[in-house]
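Presented sequentially are two complexes of chain A, the first with chain B as partner and the second with chain C.
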Partner chain A sequence: MAEAAAVPGGPLPHARESAVRRLLGNPRVVLGGAVLLFFALAAVFAPLLAPHDPVEQDLMLQYIPPAWSDRAEPGYLFGTDNLGRDILSRLLYGAQIALFVAVAAAAAAGLLGTVLGLLAGYLGGWVDAVISRLVEVWMAFPAVLLSIVLVAVMGTGLHSVIIAIAVIDWTRFCRVVRAETMAQKQQDYVASAVTVGLGRMHILWREILPNVLPLLIVLFTLEMGIAVIVEAILSYVNLSLASDFPTWGTMIADGRKYVNQAPWLMILPILCVIALVLALNALGDGLKDALDPVMRK
Partner chain B sequence: MTAPQITPGTPPDGPILSVRNLHLAIAGRRRRTPILRNVSLDIAPGEVHGLVGESGAGKTMIGKVILGIQPSRAVVTGGSVRFGGRDITHLPERERRRLMGRGLGLIPQDPMTSLNPAGRIGGQIADVLRLHLGMDRAAARARALELLNDVHIREPERVLRRYPHELSGGMRQRVLIAIAFACRPKLIVADEPTTALDVTVQRQVLALIKEMQAQDGASILFVTHDLGVVAKTCDRVTVLHGGRVLEAGDTRAIVEAPQHDYTKALMAATPRHDRPGDLLQPVPEALTARLNEEALAYDAGPDTTSASHA
Partner chain C sequence: MSWSFLLRRLLLAIPTLFGVAAIVFVLLRVVPGDPIAMLIGPGATDADIAELRRLYGLDESIALQFVYYLQDLAGGNFGTSISMRQDVMELVLGRLPVTIELCLVAMSVAIALGGAMALAGAYWRGRAGEAAVDGAAGFVLAIPDFLWALLFVLFVVVFALDGLPISGRIGHDVGFRGATGFLLIESLVRLRFDAFGSVLLHTVLPAFALALPLAAIIARVLKASIAEAMTQDYVLMARVKGFSRARIVCREALRNALVPTVTLTGVQFTFLVGGTVLVEKIFSYPGIGNMAIDAVINRDLPLIQGLVLTFAVLFIAVNLLVDMSYALLNPRMRHG
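Let's look at the complex of A and B:
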């Protein structure tokens, strides 16, 4: 049959490449990603990079100012605190804790919220009614207050901080994922999957979930930013780790007491928190823009 | 019940699909809006059956009822759909799923949106094979490759690894045709499978569907609004308007000597290869108005829900 002759298989456009190019062409993605990478490297290589033990006290070395001051000491780039601990080393280990909490909390919140959001959006009916009500009730509580109460109940420690953030912020994921799942469910590819006999759970996890993934990456990044702030707040009010542990929030809280003699004790960790949170937000927003055409297709 | 008594052991020459006196309405807030009115049609094994009519005639809805994917507001208010002698009008989801793919298949209207944008072509074909034929990964991949060859896709190994957005509309429709035929269903509903494509690609895809059907022997319900396509493609044809069957029979007979005024009007509105100089006449408004009145009169009639003979 002449008309059914073979159609050319190529040349095919390389859409994958163009997606990468679109990401790299977005300044917020590049800038946010670069700053995040910087902190990630600092955190991962903290044991190698830190010039001193972050918790070692030396009362002979109190209040050394940062390198740009004239009273600076060599070997203490960012100076020392009231107990003679090296600030740079503490900031590096602080990055480790901040990023660990951010990733773990965002993953936990994302897992819980995504599973419930997918089920609510896809199954609809009473499942959706129950989950949606739960989200509404949940969101009626003020978040920071709730997290403080939770940590107070569970006891201080990193695990409580992570659980507290997850327990509070799963609703963010749930609402967005539910709406997106409902939109995906209307797509023709879902109808085709039904007409070839694929089961509902196969369709939900193997067909719809991959299409929700770009959105999840965006939510995850933004949630990491939130987690960094919440962890800092909880450390600040002394609900995270024992205070000799170098979290940024603890450093800010400690530094506040000596803000007149040694303002760098407070300013440096604040700058770290701000830089990391801004980077995560920029990355998240940039990813949202860059992935949007893909997600809408 | 006016349906012919068919027991599960259907004779081989009985229809593979038999729609009998089907009534369907969309449930609204106050009332039900009738969409299908006493529709009957039979499709024999290996038959390509055309379903023609203007937009809104209910062609897609018939296809959806057969596949069991009508919207939840669409209620079958009478009649039945039998497949291989078995009543499938109200099949529970599990049994319906077992029928899909192996018994019934679909070639969708819009190839651009009917493949999963997040999955590779190979995986999407393999999923169906593994589900219904219990193939392992390697066997499914090998079979997917064969299927892509069957639908004349060049460099099938490369296409297997592609994502849908990397393929043209015609290529995607070929992939969807491969998926529809993958598990050798007995009946495939093809709902305007070429309207979303370029004119040049339309002819190729049409030819491909015919070729695959001839090889495989599946029956096809071919939905279109183009009698010209029906004349080239279908063995028999049902003419639909306002959810009513106006005329049905052998394609040759109907194309050469249409009985119903509407079929005649549709013929006059269809470009013909044999008479390219003809001026095309749109379907007269007076005729459409008359048909709409007839449909309403039918709804108001004494036996709207009881399955009456036309």
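Let's look at the complex of A and C:
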């Protein structure tokens, strides 16, 4: 990987080709990617696919069980909830929110953690000492409690959820990127770049960063899984979005309240969260195997 | 283990606690919402509001409020809860035993379950048994405690397992009021087995939800450590002596695999304590985790501060316990 990226203009064509083949040959990448694609399509086409308005209430249609029950109504495949809202439609729009938060929060946490990790790993000295100490103090906080307090402070809303996840989880990126940067710094291509007389920042952003990128993709995928869970948690304690907005966490929270009358309210949103999280984990682990040159040997 | 080791660890906890107190304090003071707004009735005058602000010390500057807060803390005064109008220390201490008992049960479950999985995996090394243990650990680990708790609730409802309660800590029909909050221990000491059984049944599901991720980590790390220990000379020696495989795994290898396991899983125990926040909420379990969510929703600043500090103390205590067990298990550390 290091040799390939040191060539100006990026990896050679045959290297790129074999990387694609390696990815497609990994069952975890294929399976995780397929499930992720399924949810992404559901999210993108939610307005077309949803049979009903996800927030429309109709008290005449309360607690319709799903299609496999004998009291089911046609047109409501997965039934309705305590306010007569269509569960399938809510799940589809919920996928939009889950994936949006996952991508945005993982990107924000990744950006913050990567910049600090690169600087700490490459510059060393007091910069490294300050950043590493900060990471240690940060990780001493109970994450769930901190996220709940943060959102309570910032007020509910998607932006608060995204900021809270970024503020808490940048440490994951920072620690790994710092260690990887320190390892890359020892490589020959960095020594060559220094000899050629390239600036420190140039070496960091243009030489080292591209070599840390495969690792970042893996971390990003795993962080998306964490973000999906945190969003569900915050929705569950009613701190993510207004409760009539269809998020999986809100649906789970409603389901928990009425679990004795209507257990199906909870089953599908929980299964969606688990399926998406398992898919992202599998994809991340598979990518790690496929992209990591050390693991490949 | 020496007393100076303990003392040094306790002294190290003070700056950490100060940091936690400072961060939470500042964070909460920039809250846009006004906690006083919840207290006042519709007929309140401006003078009433000012009086309440003065009463809760909210009319001073943030720096001055923090100094007063630290002074109060040093004197053991954690302030008065705004939503419940009671002493924070009293409220927290009333609920703390509930969470401590839950965590202890969960940790025992995790150690027993994870240990059993690791031993099974090590015993059937390279066979279907090991693959099954690895698969189970991987699956369990992918799902966080929050979702396990919800899945348990669903299982109980869908399969009508009426014997397993999914909310509260003790049955309403059990006339047992403990003198302490440690119902599990107290009912046992007072030989009230009906109460003990009821509390234990209520604790099973939340404890398992908290325990599963930790059990999976213990299973993985302990199994790897045992495999490592199995390559050592003394294991070869034991084999030459003709000891059975079960005896070698359980007696020789396990003992030497414990130290790396405790070191590597230590931080996971604090995650278990943090997990009580949501798991208690899901099972309406009346501990400090449940109380923390209500406090945040009610914007009850003194109570949130007190609870976050309590959690920080619990984290530090768990870390201390882990370090102490590490010292006890490793003879070389005993005279550190």
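Everything below uses one rule, namely that the second predicted complex is superposed on the first by the 280 of 297 C-alpha atoms of A that agree within 3 Å, B and C clash if a C-alpha of one lies under 4 Å from a C-alpha of the other, contacts with A are read in each partner's own complex, and residues count from 1 in each chain.
The definition used in the following text is that contacts are C-beta pairs under 8 Å (C-beta built on N, C-alpha and C of every residue); 3 or more make two chains touch, one makes a residue touch a chain.
Fair warning: this is a prediction, and the values are worked out from it, not measured in the lab.
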| item | value |
| --- | --- |
| First, second, both or neither for A:Gly197, with chain B first and chain C second | first |
| Partner chain in contact with A:Ala143 - chain B first, chain C second, else both or neither | second |
| Chain B versus chain C as contact partner of A:Val273, first or second or both or neither | second |
| Partner chain in contact with A:Tyr189 - chain B first, chain C second, else both or neither | first |
| Touching partner for A:Arg71 - first (chain B), second (chain C), both, neither | neither |
| Intersection of the chain A residues that touch chain B with those that touch chain C | none |
| Chain A residues within the chain C interface of the complex | 137, 140-145, 148-150, 152-153, 155, 229, 232-233, 236-239, 252, 256, 259-260, 263, 266-267, 270, 273-274, 277-278, 281 |
| Residues on chain C engaged by chain A in the complex (per definition of touch) | 16, 19-20, 23-24, 27-28, 30-33, 142-144, 146-147, 150-151, 153-154, 157-158, 166, 270, 273-275, 277-278, 281-282, 292-293, 296-297, 299, 304, 307-308, 311-312, 315 |
| Partner chain B, residues of chain A touching it in the complex | 1, 3-10, 12-16, 187-189, 191-199, 202, 206-207, 210-211, 213, 297 |
| Chain B to chain A touching residues, read off their complex | 67, 69, 97-102, 104-106, 108, 110, 113-119, 127-128, 131-132, 152-156, 158-159, 162-163, 165-167, 170-171, 174, 176, 179, 182-183, 203-204, 206-208, 210-211 |
